[in-house]
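So, here come the structures, one by one.
You will see subunit A twice below: alongside subunit B first, and alongside subunit C after that.
This part shows the complex of A and B:
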């Protein structure tokens, strides 16, 4: 099932790049999704809840494992830190207490990186979790903002914009209260700029959540 | 007392909540209170710069070793800074021996990000001869005792050690073309920014500063804010966990700015007393 939306406008801000999503495209994982945001493309497969290694077992909740595979080479320290962020974001939204002593494994494969990779990974993960049918207390989405030298905000920057930017901020936002689940910054910015970026991301999050809704709606209305 | 100890083991969360209801913590601190910070610089004589930081029980030692290297091909006028955080089994039973675990790797990456973001030392300053020779600073941070808030301690130890670095003068012998080190003539590094970290945990919508290891385990989320002396943000690091509003984040930032002043005062005093000797 594929959903596509051509253009998003979020108020007076420049639009997000084109989003494309396909759920359930892999047959072996319990949930899978392919997420394309502009030219950035990631593929996610989710296994779980399933058996867990005794050493990793947690008696009152599910054990999360996130594997981020780069396009080329082996995952390094950079990937580990991103994995940890995605893992902790998932732990906060998925109701892991409903599946104690079990494991939920999320495998993210980067297909193309053309900017805003972390937010694309977050979005793909969320769509994958929805496809896997895991109980969650809210959905989440990732939004990347780039601040240029003049302090202008570009939402969902491409690779070139990211490189030229003075600061790049990535947030994960939950769908229930539009609060910040995760935050990661590169470069330095002032407090006001941070707050502006948060506000812009929250507005952009609305369009992404609308996309999630439309996509789910289309998927289930066919049946 | 024995009953309280039992209660703590059986129902740690409830035990902790009882304290929070009274606006205090099991170790007697208030919610917004940092543990005593002690810094000792120049503790390792064989390193080019070193510092030992204690934040309550959490102990981190940082050693900086300068070596020669060929600058990268794509930017011939830059040196390197290589941070590495080590969490040995020695510091806590939660870590396993062997290759660095997930937490150590994430901490190393965080340090590398902050160094890059804040421009604490311009990499251009580390260049000796354009395209031929540059300094590489290996910054090793080893945790000796893990009692929570690793990032704050690492950041403080790193900054203190960096202030302690003395690089020897290097001249190029024109006949042989080799570098000659003059160990008698040493100069400190130019430090452009002074990043200081402040960490918080989220507990039932409450913000608690400088968590211990026990508190970190009970918490539903952590936030680390790194600010420089101008109050600019070098990092807003929140790796998942429970949600935070913009207003709460603002609260964290203003506390981080206050913390920056405290740490800066401490470091300045230390450097001054060191110089006086």
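This part shows the complex of A and C:
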């Protein structure tokens, strides 16, 4: 159960929930990461580059396969659409041309959904790709913003905040130029609000990229 | 992707080691791997780690109408999924033999042993009962899936709380967790599966085989037992003959192992409950050891979004206004309108291309009809007279085209169409 967190603890500033990430926790996949953001928790396992089915083979680049597994029941339309979003984001970032005629399989398991699921999946995927050691031209992260009735922006909303929000916007942002790789919006918002959310997400992305950096720094600190 | 096969030397090495009573991971024959149980923030959610094998369990419930022949019993549903995350050999959504076998064994272990009181899941007899769904996801496959899955299933069931309901007359009220504390399921006993791998036709026996050991084993014996040493299920697979003594030995070992595991489960459950009661931190986040070098954590981070508004305004101000939309379409002829400015038709000259096609067709027709005219002789002449009739009778598209064609082409065309239509146009042939 999500405890009501104090979100505006320092003045009026929106905040990201606590982030915890563990890499390489599964022995079978080539890369794996567990990403916990607030109470939302996802686990990702990546196999690749490996052999590909002939029917899916692309002669000049790697084939991406993304599987998003819900916790209860079988994957449906919602999962399929999210899979496509994550797949396209990965294709934009990973240097697939270095591994032609091979497949990169990304399996994402939802462990707990307590809001900002898509952005958590994106973050977990990026950490997984880093752990698998796949060449990428930049890192990426996902940030979710919720707009309430008054137009206030809440970053990284919890489930309850997401439900009460007028609009929920999720962006994937790359680390090199802080540009938008993917965006997904639900609800209505004005052009101005959209730009505000993008700007806020870009600020939040800095924090997440710093987290990636510190995490990698810690991981390789004893080499 | 296919599973990487185990090479012959690896197989021989493993078997030789087993003959010398040694195991690759340094365990003794009857040793179990370490079991670690962690709970999620939701009720009925747990991850069980058996060595490196990892299973995620989640229990959910739903009010449904009962099965007609079991009007007062709730429904238990088990679903084990072999996620491709666990091993590249597992394909998504495929019902492999292994999966069917594991699911069935799990059902026999937990449902048929009547460890859950299904009658307590009844709300209104014959109308509303609880359906308890147990979803198990294999996250990492390192051998002995069934033991890990059975532990995960029973732990998740013990941890689960269903919403409280009350019945007043015909009315069923469902209470949210805030209104009334959710109630746990009533569990009579906890059956746990223990696997034994047999090698060299049953000469050697190992408890809790790892993935590599599973690949070289000859047979598998799975015994499900509760802590009162009551056997719930027993299954031998792989086609080896076991002696009575071997089975008895295995059941004795199972009794010891099940007692140990049950104690561990109860300790884990009590620990989680204590933390929840005290209002401490719980969930998977707390179960990741923070000292681990591969794990990293930051506390809640505030983001400075002070000048976001100005930034957004700036972007919008800089952005070029959207191009003007041409509102009034140009009406060329009734039913044909144009939107946008004088764009050339890029579809090419229709008449020309049509002519070309026709010429080609004529050429083809000539070659195909040559021998046909020879065969039919007079009929082709008679046909010319009756061509009006042919057109009238026909409903094929080609006939319509004929009217527009020049004379020479028409002649040939009618012949071909005649040939085509012979079968379908009985009236014409009758006239002849």
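To be clear about the criterion, the second predicted complex is superposed on the first by the 211 of 223 C-alpha atoms of A that agree within 3 Å, B and C clash if a C-alpha of one lies under 4 Å from a C-alpha of the other, contacts with A are read in each partner's own complex, and residues count from 1 in each chain.
The criterion applied here is as follows: a contact is a pair of C-beta atoms (placed from the backbone, for glycine too) under 8 Å apart; a residue touches a chain by one contact, two chains touch by 3 or more.
Being a predicted model, the structure only gives us computed values, none of them experimental.
Peer 1: Regarding the shared-chain residue A:199, is it in contact with subunit B (first), subunit C (second), both, or neither?
Peer 2: It touches subunit B and subunit C both.
Peer 1: Considering only touches as defined above, state whether A:184 meets subunit B (first), subunit C (second), both or neither.
Peer 2: In the superposition, A:184 contacts subunit B only.
Peer 1: Quick one: classify A:72 as touching subunit B (first), subunit C (second), both or neither.
Peer 2: After superposition on chain A, A:72 lies in contact with subunit C alone.
Peer 1: Between subunit B (first) and subunit C (second), which, if any, makes contact with A:172: first, second, both or neither?
Peer 2: Touch partner of A:172: subunit B, not subunit C.
Peer 1: Figure out whether A:164 sits in contact with subunit B (first) or subunit C (second), or with both, or with neither.
Peer 2: Neither partner.
Peer 1: Going by the touch definition up top, name the partner, subunit B or subunit C, that contacts more of subunit A.
Peer 2: Looking at subunit A, the partner in contact with more of its residues is C.
Peer 1: Taking the two structures together, which residues of subunit A meet both subunit B and subunit C?
Peer 2: 191, 195, 198-199
Peer 1: Spell out the residues on subunit C that touch subunit A in their complex, using ranges where they run on.
Peer 2: Residues in contact with subunit A: 1-2, 40-42, 45, 47, 52, 54, 56, 58, 60, 81, 83-88, 92-93, 133, 135, 137, 139-142, 177, 283-285, 288, 292-305, 308-309, 311-313, 315-316.
Peer 1: Residue numbers of subunit A touching subunit C in their complex, please.
Peer 2: 1-2, 5, 9-10, 13-29, 32, 34, 36, 39, 41, 43-45, 47, 50-51, 67, 69, 71-74, 103, 105, 107, 109, 111-112, 114, 153, 155, 191-193, 195-196, 198-200, 203-204, 207, 211, 214-215, 218-219, 221-222
Peer 1: Can you tell me which positions in subunit B touch subunit A when the two form their complex?
Peer 2: 102-103, 105-106, 108-110, 112-113, 116-119, 220-221, 223, 228, 231-246, 249-250, 253
Peer 1: Where on subunit A is subunit B touching in the complex?
Peer 2: 77-78, 80-81, 83-92, 167, 169, 172, 174, 177, 179-191, 194-195, 198-199
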